[in-house]
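After this come two complexes, each holding chain A, first together with chain B and then together with chain C.
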Partner chain A sequence: MTGGIDFLRPELLALLPLAALPLFARSTDARHYPHLGWLPADPAGRLIGLLLRLFAALAIAAVAIALAAPGRAQTVEPRTGRGAELLLLIDRSRSMDERMLPSDWRELSPYDIRHQTLSRGPVKSRAARELLADFVARRPDDRFAVSFFSASTLYVVPFTQHDEVVQAGIAAGGVHRGLSETDVGRALISSVARFEKRAYSGSRIILLVSDGGARLDEDTRLAIRAGFERQRVALYWIYLKGFGRPDLEAAGEASEAIPEVALHRFFQTLPTPYHAYQAQSPEDLAAAVADVGRQQNHPLDFEELIPRRDYSRHFVALALALVAVLVLARRWQLGGAT
Partner chain B sequence: MKPNHEFHYRFGKRASAWRPGAHPGSALGAGEHFVAHTSLFARPDPRRIDLRASLRDPRGDWLVRLARQRSHVPVAAVVDVSASMDFGAPSRKLDLVADFVSALGRACLAAGDPLSLSAFDMTCRDDLHLPPSRQPGLADLLAARLRTAACPARGHDGLSAALAPLAGRQALVFLVSDFHGYGRELESALDLLGRARVTPIVVWSPAEITPPNGEGLLRLRDLESGRLRELWLRPRLRQRWQAAVAAHREALQARFRARGIRPFFLSDPFDGDALTRHFLEGT
Partner chain C sequence: MSKGTPPGRWLLPSACALLVLALLLPPLPWPRTSFDYLAVFDITQSMGVTDYRLDGRPVSRLDFSRRALSAALTDLPCGSRVGLAAFSGYRSLTLLAPVEVCAHYGDLLATLDQIDDGMRWAEASQVAKGLFWALRAARDIGDSPQLLFFTDGHESPPLDDGTPALFGDIREGQVRGLVVGVGGDVPRPIPKRDASGRANGFWGADEVVQGADPARRSEHLSARRGTHLQALAARTGLDYLGLDDIAGLSAAMRAAPRSQRRELPTDLTWLPLGLALGLLCAAPLRSLLAPAWRRRRR
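Moving on, here comes the complex of A and B:
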């Protein structure tokens, strides 16, 4: 917390005595005059002269300090927040660029739904991003991390409480179109690994936003299960169910062949809490996000790394302003030396 | 038109020197200023016998006319060459002084008076010294030296030393200086010159008595003390500047007036006619 001021190049502080130069310098641009005792006293002029000399000294001092690059040292600050550590794991695959059911899909005739969905349904990834952004904004106490995944995981934002970074990370998911592959297994393994070597300071959640499943092989399943158990991470799956996509709760042994259902069933066997939300339309998605928000609200202790803050540009700006004043005063000054 | 540098001076009172010259003297001798008659025995100069007065004399003595002769007056110029005299543009104050000195040399030549020159700053400046002499051209030589003289000294402590050779002597003394920062030492120096007629030549460059044109910050450096001083030149300060100059002029005149001396203010260019007028008015 008490980050003292430190200097990157303290040896340059040796230049500081140069600041005394203007106070002692015999100005070369002064006019000569035979006898100053003759002239009327001018306190205003004397003050201006003193200030100008002081400004010159300060400008040199500010430059010397700026060269030494002062700053508040990097500190680690313990903080207590309410809420959870949330890792947003968002599908970046091309299927996320498809559209969801429009809001009024219940009033549409079954024949129109497909056509209407393709024409005016909201894009999945975009709706998800907007809702998540809203979700992040409404939960200032949580710490968020953002990852996208397709063939492999793209780490976007590490765990942080800074909303704007998280928002920017979420917004970054909207750049260009989706990628081709979807590998939920790898994404989950690497995401769980991101909780490793972090103090357990509150509930941990992975919020998986995806529209498709995958069949996982036995090794992957083992790794995921072990990871979730060790890191005690809860999993929420917001399943963006596209038009005509399978229902997670489909019963029957035969449904095991459907990747989404298989994934769902595997998740249910995890030792840590798991909940799946099926979202067909933006309203379902909003309800799911709100539900997640209600679920986790516990106190959270964590240490925040506050980066070094560099103050040198303040000093450069100060020096620049002072020099500007001096230049103006020089223009205002009458004539040169005689 | 080239300004006229030539001038003529007057001593103002009777010179007591025996050596004949151009000024009214107090010594008796070959002159036209009749004083009295005395007996031929007291002054055996038959050329001066006044027949008319002798006939009127009740005692029947031969009477001789007594007259005062015209005498010379030693002239001395004592020049301050401290750093403050190194000021002024385009011509320095010392250039003005040089103009004056060479004109003084011609004036002395015309009057037949011996001229001595000396200069002082912190000490008496021997390189700018000229013993009393009637030789023409020496003043011009000294004027040329003054024009190129370096004056780094920051004071005028040599004033008394420079005036010491003139102490108690009857002479016409030109004290050439700007009289900046002269304190009690001026009075004690003038005390030395009790019998001399002192004409202070106050050399002020126009650049120092009038503030520069324009408005803004004026940064000045004292030539003698080296101190820096900033002035915010504005109409009000301009007035105060001129008022300060007028006050200094008045104060300087008052100091000299207390000793019955009238200073002559020399400005750029040196006006010889004004100096002649100054002498004519002063007697």
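Moving on, here comes the complex of A and C:
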């Protein structure tokens, strides 16, 4: 699809009639000879003179058009690239304001770890935001949407290709502490629904960034499973494992009582791809984010927004060329006449 | 006139130089007026009261507020930045840090469209606290935007001790902006919505906290609490605006005290272009007028 030509300052097109001036003007630089009859007739010279007037007229017209700022309007073009539609579903509960293990936790004695984590470990939500911001910046072909969740789902940015807006959504997650409750089931149901009414275009992912689990009731499980199946959405869970928090892979029947393990086991029963990444430290988190980046690189049909293209410079260049010819011609004319 | 430099001989070369300048001139930082806002919407249930009319149809307070803001966005000069937040329970939560309005108009509208009571994360409506949290958000989000706080002022549970004191960490007048009072003057019943967003009757007198002296209270009805909001505005150092029509908001948002002078990359090529145009026209104009001058001189 190509957009029509439009003008940012169409009112300045009113200057166009000025282009007629050189056509009516008399040559100012003509020498005044006492008797024109003495001069030989010069059809070539007359032609050149006419041409130069035409050039001057065109130059004026080109400048007037450039002032009106012509351009091709913003358009949307279908394109096929590699990438995915990623919905970042970020836990905005208070526990996300807690700290995770510091980078050098392996060198700490078991006795120190707890204290060191509490005093200088990076805050989970902040570490996650920084990595997500970086992730988004490095994936220009993906479409991103951002939602927060606590007791309800807070839609922040619907799918967009404007990085700056996605970044502004991620940044907003850093303003003040989180909310008190979490309802991951409700958040997943409403997030899957975000893909409804969007043309299926390759790969769809919900990237759940959360530090807690939940035991979901049967209705919620059914709704989530149906939603993921219908919308063909893959689920990646970056589980920000706090110090002393349960391991998702904990074995045994009894572990089912642990909300995180229960949620993980339920996710494994989903009909669509599921990956869990357990991140204890910023390094784990970075590795998880990088891995998500590698996983999804399917061809993606999408509409690319082509920004408005300004053509003013073309007209300025045209005017410049014409005026340069006029300047040279004038010099040659005068030089030749003396 | 047969000897020496013909007058106006410098016109064309100068025009030439100006055109070269126009081609090479990059956008330069230039002080321009812009307006930065963090717009916070009350998404509690009383904002669902439909006491506005738009195009002949009744619309809710929240819908009208959002429509007013989206209309105002188109009137803001490019370079202005707007962020969005929601208030429910006792605090405001930032959803979108401020972004530039011209480049991201579509995205702002899309996010604005989604701010509704389905996002509500708590049932209470402590407007004063929500406003104070919003002040914190505007203060901490960077670039010090002004605040726009859209609310009907309906406190639930009701405040019986007058206007509460500001949080200790905020100074009065530290953040500037507008408390935008939304809603009609006639108290109306508040529609109930269940978790899935379906309308489900209205709140009854016995279902809400009536506060002191319940027999004489009607906290289940809601109108614009202008006096309360004006008191809150006075306490926080904000200004108060009653939202009566859409144009009123846009005008208030573009009032001089709300503006910021900021250097923005500005395309100034019109300047050399305009001058070049003048020079290009001067040569033929002179020749057209010259005979008249000459005649007059004789």
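FYI, the second predicted complex is superposed on the first by the 222 of 338 C-alpha atoms of A that agree within 3 Å, B and C clash if a C-alpha of one lies under 4 Å from a C-alpha of the other, contacts with A are read in each partner's own complex, and residues count from 1 in each chain.
Keep in mind that, in the parts below, a contact is a pair of C-beta atoms (placed from the backbone, for glycine too) under 8 Å apart; a residue touches a chain by one contact, two chains touch by 3 or more.
These numbers come from a predicted model, not from an experiment.
Contact comparison for chain A: of chain B and chain C, C touches the greater number of residues. In the superposed pair of complexes, A:49 makes contact with chain B only, with no contact to chain C.
In the superposition on chain A, contact is made by A:333 with chain B only, not with chain C.
When the two structures are aligned on the shared chain, A:175 is found in touch with chain C, with no touch to chain B. Once the two complexes are overlaid on the shared chain, A:4 sits clear of chain B and of chain C alike. Of the two partner chains, neither chain B nor chain C is touched by A:252. Once both structures are placed on chain A, chain A residues 26-27, 29, 31-32, 334 are touched by chain B and, in the other complex, by chain C. Listing the residues of chain A that touch chain B in their complex gives 26-27, 29-40, 42, 44-46, 48-50, 52, 329, 332-335, 338.
On the chain C side of its complex with chain A, the touching residues are 1-2, 6-9, 12-13, 15-16, 19-20, 22-23, 83, 85-86, 91, 93-100, 103-104, 107, 110-111, 114-115, 118-122, 133, 136-137, 140-141, 269-270, 273-274, 276-277, 280-281, 283-288, 290-291.
By the touch criterion stated above, chain A contacts chain C in their complex at residues 15, 18, 21-22, 24-29, 31-32, 56, 59-60, 63-64, 66-67, 92, 148, 150-158, 160, 162, 164-165, 167-169, 171-172, 175-176, 179, 181, 312-313, 316-317, 319-320, 323-324, 326-327, 330, 334.
Only residues 83-85, 87, 89, 93, 178, 180-181, 205, 207-208, 212, 214-233, 237, 240-241, 243-245, 248 of chain B touch chain A when the two sit together in their complex.
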